[in-house]
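The structure's right below; bear with me while I get my questions together.
Letters A, B, C and D mark the chains in the order given here, with residues in each chain numbered from 1 onward.
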Amino acid sequence: MAAGEQVADDTGRLETFADGVMAIAITLLILEVHVPSVAGRSLGIALARQWPSYAGFLVSFLTIGIIWVNHHHMFKLIARTNHTFLMLNVLFLMTICVLPWPTALVADYVRNPDGRIVATVVYGGVMSSIAVMFNVVWRYAATNHRLLVAGISDEALTKMSRNYLAGPIVYGTATLIAFIQPYISLAIFAALAVYWLLPGTGPRADVLTGRR
Amino acid sequence: MAAGEQVADDTGRLETFADGVMAIAITLLILEVHVPSVAGRSLGIALARQWPSYAGFLVSFLTIGIIWVNHHHMFKLIARTNHTFLMLNVLFLMTICVLPWPTALVADYVRNPDGRIVATVVYGGVMSSIAVMFNVVWRYAATNHRLLVAGISDEALTKMSRNYLAGPIVYGTATLIAFIQPYISLAIFAALAVYWLLPGTGPRADVLTGRR
Amino acid sequence: MAAGEQVADDTGRLETFADGVMAIAITLLILEVHVPSVAGRSLGIALARQWPSYAGFLVSFLTIGIIWVNHHHMFKLIARTNHTFLMLNVLFLMTICVLPWPTALVADYVRNPDGRIVATVVYGGVMSSIAVMFNVVWRYAATNHRLLVAGISDEALTKMSRNYLAGPIVYGTATLIAFIQPYISLAIFAALAVYWLLPGTGPRADVLTGRR
Amino acid sequence: MAAGEQVADDTGRLETFADGVMAIAITLLILEVHVPSVAGRSLGIALARQWPSYAGFLVSFLTIGIIWVNHHHMFKLIARTNHTFLMLNVLFLMTICVLPWPTALVADYVRNPDGRIVATVVYGGVMSSIAVMFNVVWRYAATNHRLLVAGISDEALTKMSRNYLAGPIVYGTATLIAFIQPYISLAIFAALAVYWLLPGTGPRADVLTGRR
């Protein structure tokens, strides 16, 4: 009983820290959207010309939001932490914290034919590393039910692990495409953010509740 | 019983994340108020000339504060979350996170006769989108009592939904006025922030407690 | 019982939001300490010449830290919230959020004989407004035991209210002194931050526990 | 019973505030990594030349992450707070909040032969002060079991206190080395961050659980 409570507190503080980091990273994104310094008459045009900043803000914001929702779902299945798991979460959060930087990079260079590819590859690399670390965190917790709550079937676990693999695969592919067609790559990142926003595309927590 | 607890935890983590995002967005507003770089003798005048920054800070701070209080009240009536509801909250939080940017935009261009209208319309557009998303979040939760706690009458629900509609209507109207009279528009945003600060104008949680 | 729990949750979310805002405001202070851009050989001197930035960071950090500790103590005695109380807390948090700005202002102008007074008066004004709002929040909650936990004697309340008054009085006085002797004024703000850091100077929560 | 609960709440709010501050400090680090402003063709090279910024981000991020994990472990053993302990934690958090600034300093001056030593010494000084304050916080709580949970043996305490001492010693030594060989000093900071990331190097919470 006492042990059970300690465990709850354990993931509790990790979740609070993770929520804090994700909340700050998502909010800092707006700092990369600048106020143009122009004559009043051209303000409308100057604002319109900043569309890559808005698009970058939108896609990165939705992506972090979706990661938060997924992290949230994942932690419903996790009952314990240990030193390695905490450290893996720190590494996972690091990839998320990096995101405002390549977002600004893409916004600045997307219209520059010479810089576009490098900027998009960096952006895709960070997006892919977020997806990879999400899987590393999950697999560490799930292997041999190491840190999971009781009552999850092996089939359910296998299915979840397979679903989560979609992230690194699609983000990795979009990053490879960036080497040749950066606009298509960015369109894929945007489409993924919108797609996962849709009802019915999210992770299923009924893995657990279905068994109760 | 176990299910009930899980549900509480559910909205708990959403509330923590939302509180974090709103706390950061509200605190970042001060970053847009600059320290003037002038000769010492003119510091007083330079600070006085920055009044649009202070006014913008004040109105946007109070607005986010009021939204936080209302979000707080709303969540007393919400018992469950689901994927769609989490995503709608992410979109709602996105509109709040944007606010520091048009606040700085208005502060920079309000004294510029040519840029004033564009800046104010953008500000109003963001304010209106916050109010719209607040209503979307509420209506998703309230429709057919989808995610609500037990014990709220249909009349109480209808009344709340009607009250919440005031936001999009007044903010939308103020935004339309900005196309012609930006100063009047800004005065309305300021007046609304002060009005909702007053005792007795807030939402009523007795919708629920009145029934117990 | 159910009502009691709801109340606990109530101040809980307010405390989370307040802690978030204070944690962010205190952390943003470092953004005002800049990295000098000089030739390598003069880096040591350039860093030393930045002492007003470090002093400002230190005093403002300790002040927000002390306010957080006091807010923390105050909320041990508060059991309920209402719309007005939430709004007063929003206004209180606003004064804290402002602090990074006058801190940078003083750091920039403290060595400028012509700007020193204005900068210090602004700093003192913000410090005083924090102290005033802290008292407003407390007095609203304490008047007629409006929002307090049970079991606090009237004498204990009166004593606490008197103790809290020290803040506005000393900060207000230090602000008035700034009009004539800004350095003395700043020395008082620094001394107060250090003094309240000392053991035995903090607020007493035994107001409550002494009665139990 | 009631007293026990109040105590739990006590460290709870301190942990929330500490988590918030550490989450923000860790996330602000990315703001010091800039988007280069160059012709598109040289973007790749400009990004590569920014390696000190990435290295600084990485080392400081991992260091704060490791401190968070250790703080987390420490607080499993702490049951109560008092005024002095809260204030010591505020001072501890201050040293962490400072870290983004020397991180940027090192990134800017590490390739400058004349500025390298000063920058590294400042960085090491801040790292050392974090480690010192961590020990101060722990020793205040542990002396005579002042604020600890029940059931920790004196031998376990002595062992923990000895383990925690490693921090100030290695960071202090690395700082002294910076006066002569700044690159070696920085390599030590990086190596420590990576070393403590490894499984099996973390603090042991079984101090407590082993006794139950």
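Here, contacts are C-beta pairs under 8 Å (C-beta built on N, C-alpha and C of every residue); 3 or more make two chains touch, one makes a residue touch a chain.
Remember, it's a predicted structure, so these values are computed and weren't measured experimentally.
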*asked:* Given that subunit C and subunit D are copies and touch, would you call their interface same or different according to whether over half of its residue numbers are shared?
replied: different
*Far-end chain from subunit D, centres as C-alpha averages*: B
*How far is the middle of subunit B from the middle of subunit D, if each middle is the mean of its Cα atoms, in Å?*
36
*When the centre of a chain is set as the mean of its C-alpha atoms, what distance in Å lies between subunit B and subunit C?*
25
_Shared-contact residues (touching 2 or more other chains) in subunit D_ = 16, 20, 23-24, 28, 31
*Which of the residues in subunit C come into contact with subunit D in the complex?*
15-16, 19-20, 22-24, 26-31, 33, 35, 37-41, 43-44, 47, 57-58, 61-62, 65-66, 68-69, 72, 76, 197, 199-203, 209, 212
_In the complex, subunit A residues that touch subunit D_ = 2-3, 6, 13-14, 16-17, 20-21, 23-25, 28, 31, 83-84, 86-87, 90-91, 93-94, 97-98, 100-101, 104-105, 108-109, 112-116, 118-119, 122
